[in-house]
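Input: structures, listed below.
Okay, so subunit A shows up in both of these, paired with subunit B first and subunit C after.
Then we have the complex of A and B:
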């Protein structure tokens, strides 16, 4: 469905220098430096997948999305989406994709939402029948009924985002690009947007490519993540895969009957200790959980034990550090 | 074309959300060129005529140019305000829709308030025609229409050229006003009153002369010999838009390879 092979993209950025003298000089002669936004990016995506595309700011996420949606032409490399090369057959290609930029609206600001939808119908040349059925499905799943008659500028951010996503699906695209769809949303709206993305993926088989900084989006939605940093592809695989590779640290919290003797557990590092409760972390690559529990129960009378996996956010931070990205 | 109409319809509905501002702006657009026209009137009051052109004749020229300018500002405003589209990143949105870029940019903005300027220049046109002692024929009427129509093409072409500059630089576009506002101010007088090189520049590089001086000669019976060339001079305006379209496409290609 989507095959990306060896994408390269470099930008020439004017060097900014401080000082008046430098600024005057820059008027006549500018120095440029080449920033490599994408370096040899390759991956492929099957129909119906939800892929989380993540990386720190400036990693090249947006550049990739722009190349894949036909806005930018890469320096080298190939990309085939549904048989199209996005930047070559732009007009015929973009009929099959939907794009949501989280920070920019695609709706007409001053008119009711439904008017924007109708204009989009005409722009994409959607047949009346297809439009009707799409609209009723979207209205139902996104609970848009009450919003359709309200001018966009009066909608809250969460309401607007629901309308934005609906707008990008009116022409039944096979691929949906979501660039930070949950940015700035409150918890309720986030969950509504996520649930909707799941619904549309399950019912229509829409392939979703999602960029986000919110790791809970990824946890809730994406079975697969592609991590890039400084223009290079760092990880491509399941979230579990990433976990077993990097997220091997677990935190064990134990509550027990009062015991004043300090605990001694080989292979674990103590995070906190009190006569009733202790918290320590282990690396599952080196220490086995059951052994730790056995040692633990031989020393104290356990009341409760919880084992937490490392939060994905921490994992990403650790990853960035490992690749020296931040 | 049908789609363009729908773009305009939605923009009109947006505009109607701000009625008071619409009426005030329209009134303002009507009054600004009126004061310029008043200046013209007092000038002729004092000097009688300029290089053999009478007040009514210059008024005709004035009306033609201002009508063309008002219409192109109505329709071509999207190009006029194009820098904001690039700065906000909304041009990316244009590129992910399955339509031509020119249609979408034209459809991004429509300046209804320019109806004020249009109305004002229409009044001047009526005034000029009533004061001229010209024998009107069907051909002359057609030439007048052609002149205004082609003027629209020229101004829109200039808007496009300026908009294309936005792909390279966002700042410093004020310079481009020399061509739009400056061109309009120049061309509201018959070009024959200026220096030769000025008249040549505005005839052969930016063909204002073709919609101002040359066809007016025909309408006002000032030509010698065959009038057909003078009559068809405005067509140059349509030819002018072709290189503009070319330059625009080069600009879009540049944008798509640099992303800025």
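Then we have the complex of A and C:
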């Protein structure tokens, strides 16, 4: 369905140091720095997949989305989506995709949401029947009934984002690109958006490519993640795979009766200590949890013990470090 | 086609929302119209030789200019479009199954029409009932009137095509005000919006007649008053169509070039 092969894109960025002297100099001679946003990116995506596209800021996520949605022309490489090359057959291609840029708006600011929807219906030439059924599905799952008659400028961010997502699905696209769809949303709106993404994926078989910095989005939605950093592809596979590769650390929190001697546990690194509570981090590949517990109970009188898997956020930080991205 | 109609409709509704702006516009245009006519009247009363345009012709010219200002003025500016470019929201416009040029052209056209619809009739009606020399005279004949309507509409298409070039230049300059200032001041003068072209020195007229700007305003207004006779108007209209073709083709070509280099930064 989607095949991306050897994508390259470099940007030329004007640069100068601060100060008047440099500013004057830049008037006559401007120096440019070439930033390679994408270096040899290749992957392929099957119909009906939900793929989380992650990476630190400036990794090239949005650049890839823009190339895949036909906005940017790459320097080299091929991309075939449903048989189209996005930047060459842009007009006929974009009928089949929906795009949400979390930081931008596609709705008309001064008119009620429904007017924007009707304009999109006419822009995409959607038949009245299809429009009706899509609109009723969208209003129901995204809870838009009360929002449709309100001018966009009066909507809150969460309300607007739900409308933005609805707007990109009115023409029943088969691929949906979501560029940070949950940015700035509260917990309730985030969950509504996630549930909705799952619904359209399950019921309509829409392929979803999603970029986000919120790892709980990825955990809730994506069975497959593609990790890029500094324009290179670093990991392509399941979240589980990533976990077993990097997520072997566990955190042990122990509460015990007051004890002023510091604890010494072989094979575990201490994260925090107080006379009543201590936290350790262990690598399950090297240390066995039961041994740590045995040593612990021999040194203090345990009241409570909790063992947590490493949060996915930490895993990503570790991963970035591993690849020296941050 | 349905798409363009829909954009047009939405713009029209949107533009008609701003009633107080329209009212303020009408008042300003009346005021400005009176002052201009008074100035010209003073000049005419002291004229040593026969001016190239009679005072009633000039008065009609000025009232039409005031009434259809939004239709033919080059500096009428759509902030939405320039914001799309500078803010990067153009990303969405590029995800639409349509050529961007046509899409924007429809938006600009609609903006001008919606503005003019509210403003032109009060000015036209009132100025018909003013005493001499401020009265707007009837068109010089029914053929002249039809030719006037036709050339005004072509002028509208032409001025929209010219303003598209300004928007396209924003891709390069990223500064709408700069682009507009440069084009608009020059364009306004060259289209006869400040001083009717027949009143300018001959060498300047010769230059202006080789450019497309005067076809947007000066030309239709002079057809109305009969200053340009019907047979000359016919050739002028043909020239309008030719210029329109040239400017549309140029705009589309420049737009496709600009889009190949467009970089939407951030986010």
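We adopt the following convention: the second predicted complex is superposed on the first by the 277 of 326 C-alpha atoms of A that agree within 3 Å, B and C clash if a C-alpha of one lies under 4 Å from a C-alpha of the other, contacts with A are read in each partner's own complex, and residues count from 1 in each chain.
By definition in this document, contacts are C-beta pairs under 8 Å (C-beta built on N, C-alpha and C of every residue); 3 or more make two chains touch, one makes a residue touch a chain.
Please read these numbers as outputs of a predicted model, since none were measured by experiment.
Look at subunit A after the overlay: subunit B and subunit C clash there.
When the shared chain is aligned, subunit C comes close enough to touch A:102, but subunit B does not.
Within the superposed three-chain model, A:180 lies in touch with subunit C and out of touch with subunit B [touch as defined at top]. Using the contact criterion defined above for the overlaid structures, shared-chain residue A:43 touches neither subunit B nor subunit C, since it reaches no partner. Comparing which residues of subunit A touch subunit B with which touch subunit C, the overlap comprises 11, 66, 69-73, 90-92, 94-95, 97, 99, 101, 104, 106, 108, 110-111, 115, 118-119, 122-125. Every residue of subunit B that touches subunit A in the complex is listed here, in rising order: 2-3, 6-7, 10-11, 13-14, 17-18, 88-90, 92-93, 95-100, 256-260. Taken together, the subunit A residues at the contact with subunit C in this complex read 11, 62, 66, 69-73, 90-92, 94-95, 97, 99, 101-106, 108, 110-111, 115, 118-119, 121-125, 179-180.
Every residue of subunit C that touches subunit A in the complex is listed here, in rising order: 2-3, 5-7, 10, 13-14, 17, 87-89, 91-92, 94-99, 260, 262-264, 266-267.
Those residues of subunit A that touch subunit B in the shared complex are 11-12, 63, 66, 69-73, 87, 90-92, 94-95, 97, 99, 101, 104, 106, 108-111, 115-116, 118-119, 122-125, 151.
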